[in-house]
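Labels A, B, C and D are assigned to the chains in the order they are written; within every chain, residues are numbered from 1.
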Amino acid sequence: MKMKSKKVAIVGASGYSGEVLVQLLLGHPHAELVAVTSRQNAGQTLAQVFPKFASHPKSKTIRFTEPNAEALAKQADVIFLALPHGVAAEYAVPLLQAGRVTIDLSADFRLKSAKVYKEFYAHDHPAPELLKQSVYGLPEIYRDEIKKSLLIASPGCYPTSILLPAIPLLKAGLVKPTGIIADSLSGVSGAGRKAEVDYLFCECNESVRPYGVPKHRHLSEIEEQLSFAAKTPVTIQFTPHLIPVNRGILTTLYLEPKGKLSDDKIFACYKKIYGDKPFVRLLDGKNLPDTKNVVGTNFIEIAWRLDSRTGRLIVMSAEDNLVKGASGQAVQDMNILCGFPETAGLV
Amino acid sequence: MKMKSKKVAIVGASGYSGEVLVQLLLGHPHAELVAVTSRQNAGQTLAQVFPKFASHPKSKTIRFTEPNAEALAKQADVIFLALPHGVAAEYAVPLLQAGRVTIDLSADFRLKSAKVYKEFYAHDHPAPELLKQSVYGLPEIYRDEIKKSLLIASPGCYPTSILLPAIPLLKAGLVKPTGIIADSLSGVSGAGRKAEVDYLFCECNESVRPYGVPKHRHLSEIEEQLSFAAKTPVTIQFTPHLIPVNRGILTTLYLEPKGKLSDDKIFACYKKIYGDKPFVRLLDGKNLPDTKNVVGTNFIEIAWRLDSRTGRLIVMSAEDNLVKGASGQAVQDMNILCGFPETAGLV
Amino acid sequence: MKMKSKKVAIVGASGYSGEVLVQLLLGHPHAELVAVTSRQNAGQTLAQVFPKFASHPKSKTIRFTEPNAEALAKQADVIFLALPHGVAAEYAVPLLQAGRVTIDLSADFRLKSAKVYKEFYAHDHPAPELLKQSVYGLPEIYRDEIKKSLLIASPGCYPTSILLPAIPLLKAGLVKPTGIIADSLSGVSGAGRKAEVDYLFCECNESVRPYGVPKHRHLSEIEEQLSFAAKTPVTIQFTPHLIPVNRGILTTLYLEPKGKLSDDKIFACYKKIYGDKPFVRLLDGKNLPDTKNVVGTNFIEIAWRLDSRTGRLIVMSAEDNLVKGASGQAVQDMNILCGFPETAGLV
Amino acid sequence: MKMKSKKVAIVGASGYSGEVLVQLLLGHPHAELVAVTSRQNAGQTLAQVFPKFASHPKSKTIRFTEPNAEALAKQADVIFLALPHGVAAEYAVPLLQAGRVTIDLSADFRLKSAKVYKEFYAHDHPAPELLKQSVYGLPEIYRDEIKKSLLIASPGCYPTSILLPAIPLLKAGLVKPTGIIADSLSGVSGAGRKAEVDYLFCECNESVRPYGVPKHRHLSEIEEQLSFAAKTPVTIQFTPHLIPVNRGILTTLYLEPKGKLSDDKIFACYKKIYGDKPFVRLLDGKNLPDTKNVVGTNFIEIAWRLDSRTGRLIVMSAEDNLVKGASGQAVQDMNILCGFPETAGLV
């Protein structure tokens, strides 16, 4: 029996995440892309804005429109918001009122606390009443909740790379909730398609640099989720670095074991939670994560090393910041929510 | 006897060419950098704008100022203009009236014909009366003229990479002035430090693309200079491509021999003109030019191959677009004009 | 009705083309990958050699074996040879005798002339009697022949980027068969996964260089195919350059129009041959080819410019050297030969 | 009065460190390069092996020879060893017996403990009696000792990037000697000019990966030096990552303050030790280290942030692994040892 398709729309489809969303949804077996919006590209076809999609039959018929929540609610069953924080909420409110599934890729609905939102994003939350309703769209952790919600907050790129390796260990009590350090390296697409000097080719190529030290905005959702897992407030150290690749995040986590740990115990802990999860790849043997093995895919690679000299547990992960760290994960959320196979359109 | 130093200033010192000029002049044994201007950075020190120069003693005392021709004429003996075309002329006029040596890195004084300027730059020439006075600052060809002029038009990056390999052959009548093709590959710094989406890291990395086909602005000065060399009007085919490196231009020239050519004849022709020129490196043996051998230097590498199958002569060159193709060459011009050793501050 | 699957094998699956073949065939709806061979990796699973495939269910059951033509003929219906020239023929002979479809990615069966093979590859052709039987696997040109052959010679990466833009124009007599120049830029994967100093990261990054000037081996098949199209012997100028990207070839062709040409005429000429071809993308408007729009796909982008100043026609193309220039094209050949949809497993 | 020049030689001059040494010594005002050795390049001139040096007058007269300690001792006053560990000691012994200054860039003389050497390098130390005599060539810390020694062990690239930021804080007792984490990112030249698949362009480009986790060899010298500074045994966590740049190391250090710390205290601590050191650049204001500001120079950039949320001190450094992390530092050692200005040939 053929699965019933959903009509989908993307609000803000001209950035890097939006572009990957277009690609995934054009190739999705159960989704029909019916609308894309973009203030700057309104009036142009998909083929004109993204020459790489020009061979897809729909690329010449789908035209960017000015974003309009009412119109979108009429056209689509599922709406993806690929907008800056603060702006996304403006569209989410009317879309939810119209009963539409809303999958937001911004930070607007990732936190449960409007106060923490204000601390980290420097303005009042635009729709605090929705924070209770929204589900943090990390499918490996919140599968059941995702199925039942209309509002999904797709996690940030750095948070995904940190939470997936850390949550099982914290939940199982294998590591301490204190002293956690996450050192992350991100490709430049993480900064978005913004015309800023800092992200010009010549400023990023042959350059490596930390930024946002010591209080990056993503800390808010990372710590909130780690606290849920540990059932105690967690504060971590997080240092992002910009490296000259287009896509990919590599995170190195420094953790302190609680009690005596072994590779077998760690493997069992991960296996229990991720054994049946299609996009988490636990590395065995001598392999360590490498972004080039996951770029262009929705997979995350995880490996670990116990250091007998220092007593620490080092966990490393690699993902594509635009796929598992953004648009791929959002599609995975849609798949779960709509009852499609979890991997539909993603492998 | 110690050579007398010149006081030098840079107008428009915050772009890539300006930055390299700052670097070269801070390290120059006979130049004293006394002023740098930049609308956007006025008030800041060199160290603040360019952290890489922060260890130079002058970096904390030299502050960017608003550009002001009158003030500059009082401060400096030699003024470098690293400005967009059209704007450079505004400063050149008063500086020359004040008797100051003006070395312009823009296209404003490279052409002898104001008509051709208008054809290629789409606006009237701002100071056509100066075109007769200016000297095209290609030191290997115009050494004597440079010595005697107050206004030097430092050649463009692509033109340098094409003219130095082509002029000797045309002058000697070894190749036909017709049917010339120049296929060039440039690093992204050639586009300048402009906040435009097209030059973002993710748009240039893992990308190769032609642009400005078939009528790039630099054709105007290339063809004018080739015509002088050939003593007949020359029209060429020129295709620039953008490649993901910071710096470097690689040009491949396709030429038709006039009469029977041999490697010895070609070598003799180049040797005659470039034998005593410090920055032209003729490659022998099996070596072909490679931008990595010249980046960061004022050298240009030149090699050639006669193709017995097609009868053509292929000449290849490599240079750093910001050094030999811009700021290094401008300093070389200053050295010649001021009577300094030609290589001062450049090796 | 479900299409009947074919069992396929890859000989020499550990290089870059082999890796892409594995990827395409693991995801192919009508092909079942049953064997991969590699001397150096014999005994290891696909997952061990290519961690990026580790999440595919077959990656842990398919093990590399020593290549053995007899065994392969028993296991598979279609065998891809991703081997060096000279070696491929050794396997093709017994596989064809056993009646197996053989798709060779090397240069061994691309030429009709064993003499030209010897001239360019410096050794006698290992199986000259098969040259008549083989079909040059350029699907847009040889679709009908591919359907009927057991031995397909998948074209080289540079040749594909030159032939697809040039053949229609030559066939239609729109351009002269003389004076053709092809200036090509290739990513480093074109050199294969060989442990040679020349292809180390630090030797290629921030470097651009020509090589193989003026007589690259690929000239042999390029000229043979252009001669067939023009119905007269064609000799061209071909200059390959190495640029720091992983994948992608950008070719700029310089052609001389025969008679008066217009954009409409050129478009009509291409449209006639490529209008129904799924992987050729003719660019309209202001777009020029960019490798980043085709990398990871089997598409080739083609655009052109008539230069009224020089009278020349400039045609530019972009492709992924490992997909349309190698493994994707080989799969496209298989699709046609086996009666699968031409785009199966490729979009 | 002109400073007396020293005759210098380089053993193993064909790797990346060797190449940078050649460059620095060819341009050094008080050093005369008289000999370079290389097994694989013996007989060739500098110009043949390194086309980039071909314009230097000496490049055509200096020829690579087979390494021979006796001959070198006759030719040169100062000999740089750019050889693999284990091999360097073979040359050091006879050179020291002949009374020559020996500056070793390998790991052979960096440790005081032959036992630790064996633990980390997996073979007995080849000349343990020399370990007492050698001085760890970190000029900012061991200036006085360097002046008096004949045998200098130039520090490793990672150690330099970790020790310079950490030592002053440990010496002053501002941070605890426990719980230190160093997370480092290195360009590919750190792996040397070795023909290995892992370092091919396509394996490193668009890739980021940790390696050598958790016990990299450089830990031995890092911990020995930190222990000297802290006057107590120090064990640290060190995670190196490979990133796609040619040159540059970025290190992020995680430290725990001992008592109450302030920016002023930290600045005063660094200023006291590095205030008069020409190559340490303490960043103020909002600047964070960026490898592009130090590549090609002997500078190291250092910045720090106190995190009031976690109580930790984050210190970040950036250096060129081949200059301050290898050959530049070795030349700085020579300058100090020979009584030249410390910055001679380095700025």
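Here is the rule we use: contacts are C-beta pairs under 8 Å (C-beta built on N, C-alpha and C of every residue); 3 or more make two chains touch, one makes a residue touch a chain.
What you see is a predicted model; the values in this text were computed from it and never measured.
Peer 1: Could you see whether C-D or A-D has the larger number of C-beta contact pairs?
Peer 2: A-D
Peer 1: Of the other chains, whose C-alpha centre is the longest way from the centre of subunit D?
Peer 2: Taking each chain's C-alpha mean as its centre, the farthest from subunit D is C.
Peer 1: Whole-Å distance, subunit C centre to subunit D centre, using C-alpha means?
Peer 2: 46
Peer 1: Just the number, please: Cα centre separation of subunit B and subunit D in whole Å.
Peer 2: Roughly 37 Å separates the two chain centres.
Peer 1: Averaged over CA atoms, how far is the centre of subunit A from the centre of subunit D? Could you give it in whole Å?
Peer 2: 40
Peer 1: Where does subunit D touch two or more other chains at once, residue-wise?
Peer 2: Within subunit D, the residues that touch at least two other chains are 203, 205-206, 244-246, 290, 292.
Peer 1: Subunit D touches which residues of subunit A in the complex?
Peer 2: Per the touch definition, subunit A meets subunit D at residues 179, 181, 183, 185, 203, 205-211, 213-215, 235-237, 239, 241, 243-248, 250, 252, 254, 288-292, 295, 305-307, 309-310, 312, 314, 316, 318.
Peer 1: Which of the residues in subunit C come into contact with subunit D in the complex?
Peer 2: Listed in rising order, the residues are 16, 187-189, 193-197, 199-206, 244-246.
Peer 1: In their complex, what parts of subunit B are in touch with subunit D?
Peer 2: Touch list, subunit B to subunit D: 27, 48, 51-52, 54-55, 206, 278-279, 281, 283, 285, 287, 290, 292-294, 296-297, 299, 301, 347.
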